[in-house]
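In the part that follows, the structures are each spelled out as structure tokens.
Two complexes come next, and they have one chain in common, chain A, joined by chain B in the first and chain C in the second.
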Partner chain A sequence: MATKQPELTVDMMGVRRTSRWFVLQYRAAPYLFVSPFLILFATFGVYPIGKSLMLSFYVTNGPKSAVFVGLENFRFMLSDPDFHTAVWNTAVFAFWSVFLQLPLSLGLALLLNSIWMKGRELLRLAFFSPNLLGQVFVGVLFSVLFIPQYGLVNRFLHFLAGIPLDTKWLANPDLVMPALVLTSLWMYVGFNMIYFLAALQAVDRDLYEAATVDGANAWYQFWAVTLPGIKPVAVFVLVMSTIGSFQLFELPWIMLNNSAGPDQAGLTVVMYLYQTGFVAGDLGYAATVGWSLALGVLMISLFQMRVTGAWKGGAD
Partner chain B sequence: MRFPYGSAALSMLVLSVLSGVWLALNPVKKPEATLVMWTFAKTHYDAYKQALPAFEKKHPGVKVDLQLVSWQAVTSRLQAAFLSDLDVPDLVEVEISAAGSFFRGPLKDVGFRDLTDRIKESGLYDRMVQARFAPYTSRGRIFGLPHDVHPVMIAYRRDLFEQLGIDPNTIKTWDDFIRVGRKVTIPGKRYMLELPDSESSRFEPLLYQRGGGLFDPEGNCTMDNEIAVETMLFYVPLVAGPNRIASDLGGGQIFTKAVEDGYFLCMIAPDWRSKTIEVDVPKMKGKMALMPLPAVSPGGRRTSTWGGTMIGITRHCKNPDLAWELALHLYLNKEDLAQRFRDTNILPPLKEAWDHPAYNEPRPYWSNQPLGKMYAELAPHVPFQYTSPFVTTAKGKLSEALVACVQYYRSYGERGFEEFVRKRLKQSADEVRRLMRRNPY
Partner chain C sequence: MRTFIRFVRSFTNLSMLAFAVLTLTPMVWLIAATLKSPDDLFSYTFFAPRLSTFHFRDLFTTVPFHRYVINSVFVATTMVMVQLFFSSLAGFALAKYEFKGKKPIMILMLSTMMLPGQVLMAPLYELIYRMGLVDSYAGLIIPGAVSVFGIFLFRQSILQVPDELLHAARIDGCSEFRIYWDIVMPISRPMIGAFCLISFMGSWNSFLWPQIILHNTDRFTLPIALNQLVGLYQQQYGTLMAGTFLSVLPVIVLFMLLQKEFIAGLTAGAVKG
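Entry: the complex of A and B
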């Protein structure tokens, strides 16, 4: 009795294979390769997202008790003064992050992109290096720099402008936000500068030469050549900085000694979420805050993309 | 046979299969402990490590896995463990300000076991300072055994007091204290007392001293009652305005420098903080001393309380009797407690333990004062400190009210101050009550 021979076929690389084995692996292999990601994403992404959405409709008291309340958490949130404080603080921080940090980053990038600038590599490393440190480390470092009476910031400002040595940056509600913004500037200006620098280096030099021939001065070249050339990166940096600012947590948490600071001056939305969920134990309300944050950030990002033209592909 | 997606993909596949198989064949070994216990204080951890061999010897075959968990992390880790029912310890030490948040929801759903009957039946309720059960009690049920009493005294620079001609024995009331403080305070250079103007950690002991608190025994928010108003009216002028005698710079190295420089003459010092001062400001050995807290009025209470820890047995614990025995072993052994007092300065709540000679030993750092005896004499007068699941929120709201009152006082002084204090405290209390009303249980 003759045994059935496996059917032979030739693949794209000209290798002969048995057809059943080839067909099987041809069909299954892609799923096999994406399955680790899918399993992990479903377990640690989709499930928690779904669970948190469900939780946002419950009032939870500790880990075991949950009562369905429909939209009550959302209604409560809208009249919650602490949530309002958190949103306001976060928005203020985001505003200063965008309107101080990005121009500074761009300025530094322009400086380092100048052909007459000496020691660019060293300066690039110096400006970027704060970002190599974690937020926790930076938080500890600046909480020491900002201490009253003996801190370097106060000593310097006392010498420079005569401000009182016992100025309490982290214990005065009016000074907490400036301290956080300053710290954040130190940490992230260099990071965003790298993006701008890469974008600047990609702008065609011929355009500058043509502009010079046409009689455009440096300022007009910046508006007419540089800015349009770096627009896609600028939009990206703008959106990412805004999202990052709305996720602010570690820096104030460390600098303000695991608290929201005096008069909740350092309370951010993520910090409020953490306090509500893991300190007060109300996971349902924390989920509501989390979903509101996610929707808020999404809307702001879409708005920014629309305003900057990226939504219509204008940033490409 | 060639792999159709290239050698790189094949390498990744082989690597993932091999590592998966290796992990499956070599699972992480869980410590084979009979009881798992978490503590957040390094000093407790070191002391318990020494005490555990005796317990394990007494119970052959029993192994206790003691874990040191950062105090910042212990609350969130425990909440997460309760939620997931994974890696829940059998016993946990919880800091007083976090304890209340674990008592949320119906009693049957509290993550800790109800220890009321065990405590009452064993006579511990009478043998320990009763006030210290209050912070770990919810709706009349006790969920934790107190680790400490934490009576409060005033630590002061004895050498500077002598130089300035201050006799601590003449300071019996806060009025006496303020009178002296106004004489010796030099704004920006020297203050009579270390007190913060931006958070309520030291406001609370002064509130308790007057018999007030954030909550009453039934869990009602009381942070805007008459005692709270009186305390705020007393506290704010100490830290703000032209006659202030108190300031605050922060903890750690700056505190060390401030004490060494004589920036502060006095500090609120519960027993645990006396050890912190010893460790953080070693150069002041022999130059420091302690005195009772000044009374609100002549003959009044000369102490208060600040801080605390409980040990609780979780519902997850499969052997609660053994866990209870371990808790008693760690909290009641007189010799261990005496040694622990020598190491940490923390007075245990077990009254009969205070007879041990360790509590009478003179302490060179504190100008040879018998630290234990002094704290023990005050311990029976420590005020009750009631809690609620909303205690962390209430503390935050009290801090907010304090900051607002300080800002008002700086701007307007005494003009309309009392009315503002009442209004601001009520606003904070109402926010807490609003959250409490949301509670459907």
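Entry: the complex of A and C
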């Protein structure tokens, strides 16, 4: 809770502070402190939001020329097969992020939360470390790890599962998405695990003891104590990782050598936005795609919060 | 039964260890690749028997790599300092003062936090273009100078500073800014560490906006410079890997120093005690 303004003109511990300057700077302080933020936020946050709404009704050529076209941008976007590909690819990627990555993260977190597990600190560090590299550098690294013949991935999977050594992950349209999912799995499993782990550690230990006394088995404990305990964080992770997945750009862009890949198998919505808006130069269209992305992501987030029941008593 | 449980536990422990090793393998491979000589690149999967610094030398002689390092360090540290100052100042105001307009500000911040940044890219570019800041670091840094996430982070941690402490300082004649500078900031040290690392990583790894804004190769930061090397070096990948290794090293070193604070800061918004 924020504090009430103390009465400055009244004696506090016997010292009197009544100088006009002192009172003035006290009253002005909060406004001065938030003003840099407010000015920047208004200029580079609020103004662009309004402007991009407007831009989305224009066809532009670079930042200089703009022609009003009404809803033409939206109509074109919805009928553009490239956009359909981009949405499909992004949705598939988001699907795997949620249904493959998050359960794995939670599983790791549960194991790392068990007191009998040895070397928990080091394991946590190891799982988390790929996230430090950042998408661009991970993209560069994996573009080499996925090369045919000599790439580490092929060597490893050849040894383990007998896949052909010349498997061309990034040149075969069917394998581009698995490669992206695998890379993002490597990068983000440990990241999401950190959140689950923090949530697990915040669950009241007494609840487990009470459950044990009541004769609840491990499975029941998980459903009755653990899951409700970590639910707010789980929903947070779910929503954030979905939003993150829908913003996928760097990984495919770098791994596929600044392209959408074979048969556009790695084309994502943000890549589509970048190509149409900044490579082809139609900023108005980029704004249209951006707003569509925002609306789509918002709807999915609200849907997720609704389904998980996190959105009943308002935000918390 | 007890031996069975012990067996399962040791097995799980071993699996986790194997999984951790698997996770670390790409990074070990990366280090090995940078230290191979060009002739050994395809003959050894990991470390070659004779180590070579060829790729590091190649990196600095064939491209102005030191230039990109300097650029990235400059951009990232400026960004961190500017973001730190503005975010903590606003976070302090939102945590410890009652003033008109506080509620609307908080609501506005919360509602824009969900908005994907790409929505703003087109109008931001237009704005930066009209301000004449295309191809400059100002165009890179100014739009990102405040972090809404950072403000929330600092508000959250500054809320815990006892009011009595601030009152006592006022009685001693401390101005509000000195309270911020001499009391609030030193107390918030763990959060500062976490925020610096999060903000540094964000700026250091940032790709799309620099790619749009920067045109002159002399101004390139590491991510966009390295991206250009990918096409050139995919087959003779040693130099590329040396560049990648040097690019990720600063973040890893910073993380080692600030590990505890970082994890606490990362999860501060999600988990409330």
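One rule holds for everything that comes next: the second predicted complex is superposed on the first by the 283 of 316 C-alpha atoms of A that agree within 3 Å, B and C clash if a C-alpha of one lies under 4 Å from a C-alpha of the other, contacts with A are read in each partner's own complex, and residues count from 1 in each chain.
What we mean here is this: contacts are C-beta pairs under 8 Å (C-beta built on N, C-alpha and C of every residue); 3 or more make two chains touch, one makes a residue touch a chain.
Note that this is a predicted model, so its numbers are computed, not measured.
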| item | value |
| --- | --- |
| Overlay on chain A: chain C relative to chain B, clash or fit | clash |
| Chain A residues touched - chain C or chain B, whichever exceeds | C |
| Touched partner set for A:N258, first chain B, second chain C, both or neither | both |
| Which superposed partner A:Y150 touches (first chain B, second chain C, both, neither) | both |
| Touching partner for A:F278 - first (chain B), second (chain C), both, neither | both |
| Partner chain in contact with A:Q25 - chain B first, chain C second, else both or neither | both |
| Which of chain B and chain C A:L165 touches, first, second, both or neither | first |
| Touched partner set for A:P36, first chain B, second chain C, both or neither | both |
| Clashing chain B stretch [against chain C; choices 4-12, 22-30, 310-318 or 418-426] | 4-12 |
| Overlapping contact positions on chain A, where the chain C interface meets the chain B interface | 13, 15, 17, 22, 25-26, 29, 33, 36, 63, 144, 147, 149-150, 258, 274, 277-278, 283 |
| In the complex, chain B residues that touch chain A | 1-2, 4-5, 9, 13, 16, 72, 75-76, 79-80, 82-83, 98, 101-102, 104-106, 109-111, 188, 196-199, 247-250, 253-254, 257-258, 263, 389-390, 392-393, 396, 399-400, 403-404, 407, 431, 438-441 |
| List of chain A residues in touch with chain C within their complex | 1-6, 8, 12-13, 15, 17, 22, 25-26, 29-31, 33-34, 36-38, 40-41, 43-49, 51-52, 55, 63, 108, 111-112, 116-119, 122-123, 125-127, 129-130, 132-137, 140-145, 147, 149-150, 152, 155-156, 186, 190, 194-195, 198-199, 202, 232-233, 236-237, 243, 246-247, 249-250, 254, 257-258, 270, 273-274, 277-278, 283-284, 286-287, 290-291, 293-294, 297-298, 301, 315 |
| Touching residues on chain A, where the partner in the complex is chain B | 11, 13, 15, 17, 22, 25-26, 29, 32-33, 36, 59, 61-65, 67, 69, 76, 81-82, 144, 147-151, 164-166, 168, 170-173, 258-264, 274-275, 277-283 |
| Chain C residues touching chain A - in the complex, by the definition given at the top | 9, 12-13, 16-17, 19-21, 23-27, 29-30, 33, 41-42, 45, 86-87, 89-90, 92-99, 102, 105, 108-110, 112, 114-127, 129-130, 142-146, 148, 151, 159, 163, 166-168, 170-173, 175-177, 180, 201, 204-205, 207-208, 212, 223, 226-227, 230-231, 234, 237, 240-241, 243-244, 247-248, 251-252, 255, 259, 263, 266-267, 270-271, 273 |
